[in-house]
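Letters A, B, C, D, E and F mark the chains as written, and numbering starts fresh at 1 in each.
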Amino acid sequence: MKNITAICPGSFDPVTVGHLDIISRASKMFGNVIVVVMTNTTKSPCFTVEERIEMLRKTTAGIENVSVDSYYGLLADYAKKRNAGAIIKGLRAMSDFEYEFQMALTNKKLNPDVETVFLTTSVQNMYLSSSMVKQIGSMNGDIRDFVPDVIQDEIIKRLQERAR
Amino acid sequence: MKNITAICPGSFDPVTVGHLDIISRASKMFGNVIVVVMTNTTKSPCFTVEERIEMLRKTTAGIENVSVDSYYGLLADYAKKRNAGAIIKGLRAMSDFEYEFQMALTNKKLNPDVETVFLTTSVQNMYLSSSMVKQIGSMNGDIRDFVPDVIQDEIIKRLQERAR
Amino acid sequence: MKNITAICPGSFDPVTVGHLDIISRASKMFGNVIVVVMTNTTKSPCFTVEERIEMLRKTTAGIENVSVDSYYGLLADYAKKRNAGAIIKGLRAMSDFEYEFQMALTNKKLNPDVETVFLTTSVQNMYLSSSMVKQIGSMNGDIRDFVPDVIQDEIIKRLQERAR
Amino acid sequence: MKNITAICPGSFDPVTVGHLDIISRASKMFGNVIVVVMTNTTKSPCFTVEERIEMLRKTTAGIENVSVDSYYGLLADYAKKRNAGAIIKGLRAMSDFEYEFQMALTNKKLNPDVETVFLTTSVQNMYLSSSMVKQIGSMNGDIRDFVPDVIQDEIIKRLQERAR
Amino acid sequence: MKNITAICPGSFDPVTVGHLDIISRASKMFGNVIVVVMTNTTKSPCFTVEERIEMLRKTTAGIENVSVDSYYGLLADYAKKRNAGAIIKGLRAMSDFEYEFQMALTNKKLNPDVETVFLTTSVQNMYLSSSMVKQIGSMNGDIRDFVPDVIQDEIIKRLQERAR
Amino acid sequence: MKNITAICPGSFDPVTVGHLDIISRASKMFGNVIVVVMTNTTKSPCFTVEERIEMLRKTTAGIENVSVDSYYGLLADYAKKRNAGAIIKGLRAMSDFEYEFQMALTNKKLNPDVETVFLTTSVQNMYLSSSMVKQIGSMNGDIRDFVPDVIQDEIIKRLQERAR
C-alpha cells in the first residue's frame, strides 16, 4: 500500500480533454493528485490564474482524490513543499518527449525525491494542445471536441472576444 | 491510499544497473512490483530464463515489495492475469520512445485497465543496454560498472565463454 | 485534369486496416492506384505472394480505380514500367519517416519522374503494423480490429497454425 | 481521370527556391494548384501580403495550372471554400515532420474531405527556409542560390534595408 | 602535424560548465581554439557582451590555446576572417542535432573551407543549457553545479536582481 | 600545432562516395587518419576483410595522411592501441545520430582519452549507405554515382553474382 502524492503541472490555458484524460488516469494510480497551474511559464495567458483554477475545479469535480492549486516558482520546489513522489506528464509526440526528458532530468537533479512519470496521451488527443485550441477557436473553428463540456461556452466566448 | 501492482517487463539478458535503477524507483511509487522475464521476445538469449530469473532475484533481494516471474505470451494478457494497474518502462532515448509509445498504445487497446508508465533512466545509465553489455563483455571490455555487483562474475564468465 | 497512376507498395504480410485506409484515400486523389506486393523485401513471409494478392483483391474489391500486382525488383523500376507519377506511403511515426525519407530520395535519384507522396495514417491506426498483427495473433491476442473483415478468419487461422 | 485542387499554403516571407520546387512538383500531379499566403501566422513579416503574392505570381508565371491567393483564417476552412482535395507540404527534416503531422491530423479533424500530402524537399534545398534567407540576407550573406532569380534583387534590397 | 583554428561560437548568456567542457575538449584536438560570442542572435541577453567575454576569459584562463572574441555577423564570414578550419558544436540531444545539422549545411554552403565538428556533451551536462540556468536561477533554485566556480556568485547575483 | 591521430571506423561493405567524403574531410583536420575495417560487426559481409581493405586503399591512395587497417575487438581498445585522439563519424540523419550518440558515450566511458567527432555528410550523400548500395546493385539498379570510380566495376560484378 502506498499513499503517493502525484502532481500534474501545466499552464492549462485552457484545460483540454487531453489534460483531463491524463489527470483522470493519474488519479487511478496515485493516492492524491494535485493539478497545479504553474504561473511563471506562460507569458501572456488567455485566461487568468483564477479562471484557470476555476475551470480545472469544474472539470475535475467528479474525481475524489484530485485537488487544484497554483504556484509561482520551480516545480521541483513545489514538489518538495507538497511532499510529492511523482510528477505526471502526458506525452503526445517526440518533440514533447525531448523537452520533457530534459525537464525530468533537471527536476531529478533539483529534487531527487520526486520521479517524473510519463503517460501516453490517448490516440484521439494526440494532436491536441492548448495553443491549437486557442488558434482554432480564435478563427471561429469548432473546438467543442477539444475542451471539456462544462467549460466549453466560457472558452469559446473568450477566444472570440480576443480575436476581435 | 492505493495498492497498485506494477509490472516491469523485459528480456533481462542480462539485467543491468539501468534495469535495477528503474525497478527500485518503481518500488517506491507502487504497492507491488513484479519484474517479469518475457520469454517470447529474445530469439537466442545468452542466459536461460531460469538464470535470468535467478539473477533478478539476487539483485532485487533487498527490495521488499518486488517479486520476479516469467511469462510466455502477450504482456497485456499477463497484466490482466496479475490484475496490474501499471506497466513500467525506462526511457533512455528517442528510439526507445518511438517503439515504446507504439507498444503502449497497443497494450492500452488490448487491455484498457493497464497504464504504461515511463520513467527516464538516470543520466549515468543513458547509454546502457543489455546488448551493449553483451557486445562489450564478449570482447573482454570492462563491464563492471554496467551490471549489479552480485552477479558480475557470473555474467563476465558467461560472456567470455560465448566469445570463444 | 490529370490522369496520374499512383503506386502503393508494401509487403502486406498481411494487409491491415491501416493499409486499406491509405489505399482508399489515395484512390480519391489519383486516377489509377496500383497496390503492389514487393516480393524481395520480406525474408520469411507468413503469407505467400499469391495469398497476399488475393487478400488485397478481396479487400479492395469495392474501389473501382484500384488494381493489385506483385513485383520482384526495384520500386523505381516498377514505377517506370507502369509509367507512374506517384508512390504513396503512409506515415505513422518518426521512425517510419526517417527511413521513408531516405527511400524517397533514393527513388527520386533512380527515377526522377516519380514523386513519393506521404499521407498520415489515421490516428486510430497509428500503432498498427503487419508485424504487430502477426505478433499479437500468434499469441492468441484479439486482432479483429486490425485487419479487414473479409479476410479476418483466414489471417487468424494462419497465425494460430504458425504459433504451434 | 481526376480534377483535384491542391493547396500549397505558407507564409512565403519570402518565397524560396525550395517552395518553388514543391509547387512545381505538385503542379505535375494535381489538376489545379493554389498557392495561398496564410496571413494570420507570421507576426511581423518582412514583406507585405501584396508583395508576397506578387513575388509568387512572378515566380510561378510559367506554370499553367498554378494560381496565387491569400487567406486570413483556418486552412481547413479555406480548403472547404475552394473545394480542395489536397494540402501540399514539403518536408525537410524531422522537426518539420512532427509539427506538420499534428497540423495534418488537426486539419483532417476540422475538414475530413481534404488530405494533407507530404513531398520531400530536394536534397539541395534541405537546409533552406525563409527565416534562414532573411537571417543570412540581413547580414549581407549571399542568398542568390536560395531565392528565385526574378525576385532576387527585390529581396536582397529589402533585407539590407531592414538590417540597417 | 596540423595547425587548425577551431571556433566555438555561442551566446554564452551565461557560460555553463557544459560549454566549458566542450571548449576544453576542443582545445586538446585543435591547435587554436577561439571562443566567440555571437552578438546578433540573442534578443535581450541577461549579460552584456563585455560581461560575457569577461566571464569566458576568467573560466578559460587555464587553457593555453584558447582565446575569446565577439562578432556581429555571419558565423561563416567570421570563420573566413579567422581562417578557421573547424566550427565546434556540442550536441546534447536530438532537437539540438536537427537545428545544428541545418546550420552546418548552411555554413558549408556559405564557406566550403570550414567543417562543423560535433562533440557529444558529457552525460552529466545533458540537460544543461544557459536558458535553464537563467530560469532556475531567477526562481532562487540552486545553480552552483551548472556554472563554473569562478563566476558563480556574479551569475547568481545578476539572476536574482533580474527576478525582482 | 597538434598531431592528433583520428580513426574512421566502419564495415565499408563496400566503401561508398559518402565514406570517402568523410575520410577526405577528416584528413584536412587531423595529422593522421586511420581508416579501420571493424571485422566483428557485420554478420555476413558481401566483401571479405581483405577485399574491403584493398578497396579502401585504392580509393584513398591520393590522400597522403590516410592509412588503412582492420581490427577485431572494441573500438575503444583499438583507439588506445593506436594512441588516437579522435574517432570520426559521419552523420546522415537522426537515426544515425541516436545510435552514434550512445556509442560515443560508451566509448568515452571505456576510453576517456578519445573523443568522438561527428561530421555531417554532404547533402548529395544524405540517402547513401552501404546496405542501400548492395540492395540497389543486387537488383541491377545503377549504383555508379554511389561508389568511387576505381572500384565500381568490381562492386557491380560482385553484387550481380550474389543476386543470382
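One rule holds in what follows: a residue touches a chain if its C-beta (ideal position, glycine included) is under 8 Å from a C-beta of that chain, and two chains touch if they have at least 3 such contacts.
In this text, all values refer to a predicted model and were calculated from it rather than measured experimentally.
In summary, the pair chain B and chain C forms a contact in which the copies contribute largely different residue numbers, shared numbers making up under half of all those used. The greatest centre-to-centre gap from chain C, using C-alpha centroids, is found for E.
Set against the C-alpha centre of chain D, every other chain centre is closer than that of B. Chain A and chain D, compared by their mean Cα positions, are separated by 34 Å. In this assembly, the C-alpha centroid of chain E lies 30 Å from the C-alpha centroid of chain F. Chain B and chain E have CA centres that are 38 Å apart.
Touching two or more other chains at once are residues 94-95, 98, 101, 105, 123, 126-127 of chain D. Chains touching one another form the pairs A-B, A-C, A-D, A-E, B-C, B-E, B-F, C-D, C-F, D-E, D-F, E-F. The residues of chain E lying in touch with chain B in their complex are 94, 123-124, 126-127.
On the chain E side of its complex with chain D, the touching residues are 40, 73-74, 76-77, 94-95, 98-99, 101-103, 105-106, 109-110. Of all residues in chain F, those touching chain C in their complex are 92-95, 126-127, 129, 132, 136, 139-142, 145. Every residue of chain F that touches chain E in the complex is listed here, in rising order: 1-4, 25, 28-31, 85-86, 91, 94, 97-98, 101, 104-105, 108, 115-120, 122-123.
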